[in-house]
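Handing you a structure now.
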Amino acid sequence: MNTIGRLYTLTSFGESHGPGVGGVVDGCPAGLSLSVERIQEELDRRRPGQSEWTTARREEDRVEILSGVFEGKTTGTPIGFWVRNNGQQSGDYEKLKDLYRPSHADYAWQGKYHHRDYRGGGRASAREHVARVVAGAIARQALEPLGISIHAYVSQVGNVSLETEAARVNLEAVEENPVRCPDMRVARLMMDEIERARSARDSVGGVVSCVAKGVPMGLGEPVFDRFQARLAYYMMGINAAKGFEYGEGFHAAGMRGSEHNDEMVVDEEGRSRFKTNHAGGVLGGVTTGEDIYFKVAFKPVPTIGKEQRTVDKAGREVVFAASGRHDACVVPRAVPVVEAMTAMLLLDALLESKRWEICFSNIK
Amino acid sequence: MNTIGRLYTLTSFGESHGPGVGGVVDGCPAGLSLSVERIQEELDRRRPGQSEWTTARREEDRVEILSGVFEGKTTGTPIGFWVRNNGQQSGDYEKLKDLYRPSHADYAWQGKYHHRDYRGGGRASAREHVARVVAGAIARQALEPLGISIHAYVSQVGNVSLETEAARVNLEAVEENPVRCPDMRVARLMMDEIERARSARDSVGGVVSCVAKGVPMGLGEPVFDRFQARLAYYMMGINAAKGFEYGEGFHAAGMRGSEHNDEMVVDEEGRSRFKTNHAGGVLGGVTTGEDIYFKVAFKPVPTIGKEQRTVDKAGREVVFAASGRHDACVVPRAVPVVEAMTAMLLLDALLESKRWEICFSNIK
Amino acid sequence: MNTIGRLYTLTSFGESHGPGVGGVVDGCPAGLSLSVERIQEELDRRRPGQSEWTTARREEDRVEILSGVFEGKTTGTPIGFWVRNNGQQSGDYEKLKDLYRPSHADYAWQGKYHHRDYRGGGRASAREHVARVVAGAIARQALEPLGISIHAYVSQVGNVSLETEAARVNLEAVEENPVRCPDMRVARLMMDEIERARSARDSVGGVVSCVAKGVPMGLGEPVFDRFQARLAYYMMGINAAKGFEYGEGFHAAGMRGSEHNDEMVVDEEGRSRFKTNHAGGVLGGVTTGEDIYFKVAFKPVPTIGKEQRTVDKAGREVVFAASGRHDACVVPRAVPVVEAMTAMLLLDALLESKRWEICFSNIK
Amino acid sequence: MNTIGRLYTLTSFGESHGPGVGGVVDGCPAGLSLSVERIQEELDRRRPGQSEWTTARREEDRVEILSGVFEGKTTGTPIGFWVRNNGQQSGDYEKLKDLYRPSHADYAWQGKYHHRDYRGGGRASAREHVARVVAGAIARQALEPLGISIHAYVSQVGNVSLETEAARVNLEAVEENPVRCPDMRVARLMMDEIERARSARDSVGGVVSCVAKGVPMGLGEPVFDRFQARLAYYMMGINAAKGFEYGEGFHAAGMRGSEHNDEMVVDEEGRSRFKTNHAGGVLGGVTTGEDIYFKVAFKPVPTIGKEQRTVDKAGREVVFAASGRHDACVVPRAVPVVEAMTAMLLLDALLESKRWEICFSNIK
């Protein structure tokens, strides 16, 4: 429902136009020095209003830690947090009360719950991602001392794609432009693509790629809890996600076994290594120690200024066009969300894998 | 771990070269007349040896129901079942004992468990899918009286693709050829593609498409348990799956909002309907009542007759080529597995959705 | 961990001397008109400072609803709430920093987490019960329209017991005295017992009894999730609980089958009924439709003014006596907590039981 | 439902009069040398027909391991097992088809499921405990190398009680008499008590006490997953259990804080120790390293030869007396079941506690 994870969990709550969005992180290891500033930095990366490519709506997202931290360190008890909403004017949303916006949650939620918060999507709004970014930023701080890092970037916007393969991308360059594409030349084309959509009062989709480095061998629990199955679950739970692939992904369908298989070799220091990493860092549901890489496809945001046909609660056809300013492309803002979800899963899988260590004491 | 589902669950056990594969289905509604023959039919669809396009290894998979059914009807208690393995000769696998086959689970599992069943993959073998097919066939019998049906088919093998969109495919024709592609012309090209791979002692990947019809509005639990997130988890938990997409999937990344949005209209009978279904039957994490369609990409099977380099447990480089006959393409046999997983999830989500009905008694 | 329930869940967070205590209720049916006043009333029942029999420490517990309610009704999305702590002076607790109070969580938590909030028990404090009372008060509002009511009372304090059996107690009289014993004569003896403990700078334990009425037949999921097993889990998760029994409980151990068995009869209206209810409303793990009754034993609070020996973190023996005013008996304040936990479980089991209704549509 | 545990889980299936009872153990550490003989020994302890004090019905319970063990060692994959039923004659049970036996599951299950296996209780029969004994015997073999042992015994039968406190009982003597009371003098009185019940065609209840030794400090997860809350859940999930208490239990309700508190001292070797163990080995929901002791009360078995009134499905009053031979007291046979459930929980909690070890690497 609104809790994700097995041993490192986030329970999220709050709506886009209620008082705020919050969450409870449970299972965070005790004794971790927690930097609230670093959590705030991640929130700032997700925040709209960072540049001309994002909405003008001002959300100043300040995280407040409510529990679970004492003398600057985590205590192993749940970390409650809260991010107040600012500047929502419910009045703007009165006209949404009785109609179902095309390709939004409105219609299905009305059918499911019979009573819904119609203001700006309510709980279905991507504003809920705020909670995930906080929980991910906490997980990240637990992963870093272990040498695990996570790097997402935009690899496609509309019909503009970054062709460089994940292993060769300059991950340091991601934050150098507002579209979060690590190749400045392609980034400019992407910005043009967004600009074209915006000026047509339209929106455009895209793809986020992600690489996790330093992940130890052995994370993931076959058969159903394969690492990639859980990763897909985490990613497809992000608003607007339409597809997930890891390693060669859909491209693998067209490959021969002899091409796709990763041969193993012994390196100069005598260690067994994979010569290639078509697998994307996971075999048999378990991480191999190689980089994990994957992609998530996002649809264009459904909120557009163009007129569209839809129906209202009374069953009448109406014409609807979103007013106000809206993101023409949210994919750059999905980058910190993809990273946050990945961090949560990695910490969860890492904590889960600790129990297998009991094996070795029993073997003798 | 080895249990999947929330209210309709399968716990699976067994290895490819142990005595057999079994499972326990829990949460099946009571009072359902259960046809064991229909379960057997689904198992037969997954079985190797159905045609020249599949392995010659003979597995006669006979399902035995061990509990949970009384006087031909389910009792609401767990349904244990067992499918004995036949004809495995462990001797064949002695040479696998100390080496890590390329792109198999061998290396990662050794790292995780320090002790593994090396005979034909053991628990990592796709033979475990037998348990899923049984559990899916039971779920299917609970769904059918409610008008819900599930249809999977092969839409790509290697570089041969079926271009027809899901809504226009002739779902009746799927079983008419061994490659399970509903267009006979394309099916022949796929068979040629498989034949070419086989004669090169190689293998080839592919894509399975699936459509679920008659699914009521309101299944799925936002935020994390969105229907599509769980569906991705179910699909990416199938052996060899590398990618998942629903609705327009990765294609949506290149679309404009005005193209991708599904407008709503009022039909002749006065009902609100979607004019298109780019969404693939899910909005805001909840089913809309429209058809659910999605795709799963599979890598080429890693077991090939060609020689490949790899390493052994002692850390030496060795050359390995699989002996015996093996499927050059397992994608047609993945069709009943994709259907089974879909059936399990649909029944689970349906049972979960029942609790919301309490809403209406409280509203008054 | 810090989440309880399957379909109606509470995730709780917060410490006794942090900024406050909060929680997230998930799975509450949508469309329920929620009275915040009624939640507040339950919190007031748990609050210290209600009478001379309770601590003078002033906690003004005001509940604030943060999400999940729109236009006065629940939306089916998570209900976040927050109760701010007042008047805690951390300074008082400095001397607790380095010692392990006898029979408190201090020693075991230090061993487990290596870093703990030593101020007044932190997360181990009974102040965390605030979250449960809120979640229980919400559940109660969902149960009442269905005719389900829950009544707890104090049946023992120290060596003073109420001998009246549950079925004959005047449940209306519970709130008429501060000790929450429905028999005023026994209540006075209990107050004397507490007064004696207090004047000796000591504390005293007790027992809370509870009856749930109007519970429909069929709640509870055998085999492991028997109604009584979950009830025991909910009750033994309350601070200071040492024992749980339902129906005849420990007394049943001394009974003969012919005494303990509940015979069935046909009543005047032709309905099958139980002649007696030794079972306490549950058979085979499933509710029978009869009243559910059970007891929970609480140890005396470990915080006492008397001097006691203990050890400090440096491994030295020290003498410790709690300063300030403390409850000599918390059992009366446990009454709303027992009711809250019962309400949460009943709603959870009720929601779970809805899925079995799918049986009937399939049978035909 | 039919799965218990978080990281070490048992999924149980099977009915008393179906083909057998089985289970799937998941999460067992890999590399454990598993003795099937020792599992069988535990099953033999639970089996009826061990002496004149138990039923004459012959159940030869042979456990068969179906998966998860390779070359004598566990692989970390699920351990499926199966115990065939012998000698059940369904014919005997035809007369039970349409009536509800007093204080059995019959009536409530009919109400819940509308279709049930009426043969000897079906799934509600204590025969299901076979699965628990197997899973417990596996857990035990993982716990023993860590120095953890579990000892249950009968401390009450009807009105005969063993007054010796748990810490002074001779645990070695438990198996020396068929009633499993470690004091031979009291055991004889218990056997007389059972004999009296039997000759009156009646049954009698009792209490099982249990001590777990060598349990490390730090198991259990506050707040809801307190060790004692989960222990209560495991115990109250055993057939016929009516009450649970740990440490001083219900007796604590009558104690003063100064009596009940466990003072701490420094022992000769300079280690912090508890002077007493009224707590029963758990404080703040977490194990303290002291012995864990607790009691479980069992009702008299409802199946008796005496005539009793009940009703049938048609709503008519009937008179019923059980035919055949039945246990007059099942408490001695509950001893291995209590031990098995304890072993499962201890291993589960131990595996769960491993993840906290990540704390220490982060602290630095």
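Each chain carries a letter (A, B, C and D) given by its place in the written order, and its residues are counted from 1.
By our rule, a residue touches a chain if its C-beta (ideal position, glycine included) is under 8 Å from a C-beta of that chain, and two chains touch if they have at least 3 such contacts.
The model shown is predicted, which means the values in this text are computed figures rather than measured ones.
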Starting at chain A, fewest touch steps before arriving at chain C: 1
Remotest chain, chain D as reference, centres from CA atoms: A
Superposition of chain C upon chain D: rotation angle, C-alpha, nearest 5 degrees: 180
Distance from the mean Cα position of chain B to that of chain A, given in whole angstrom: 26
Approximate Å spacing (C-alpha centroids) for the pair chain B, chain D: 39
Chain centre separation (chain B, chain C; CA means) in Å: 45
Set of chain B residues in contact with two or more other chains: 1-3, 12, 27, 30-31, 76-77, 112-115, 123, 222, 356, 359-360, 363
Complex contacts: residues of chain A adjacent to chain D: 7, 27, 29-32, 76-77, 142, 145-146, 222, 350-352, 354-364
In the complex with chain D, residue positions of chain C that touch it: 1-4, 12, 100, 102-109, 111-115, 123-124, 128, 156, 158-159, 197, 200, 202-207, 217-218, 221-226, 228-237, 241-250, 252-266, 270-272, 275, 278-280, 282-289, 297-304, 306, 308-311, 315-317, 353, 356, 359-360, 363
Chain D partner contacts - residues on chain B that touch it in the complex: 1-3, 9, 11-15, 18-22, 24, 26-27, 30-31, 66-68, 70, 73-80, 82, 112-117, 122-123
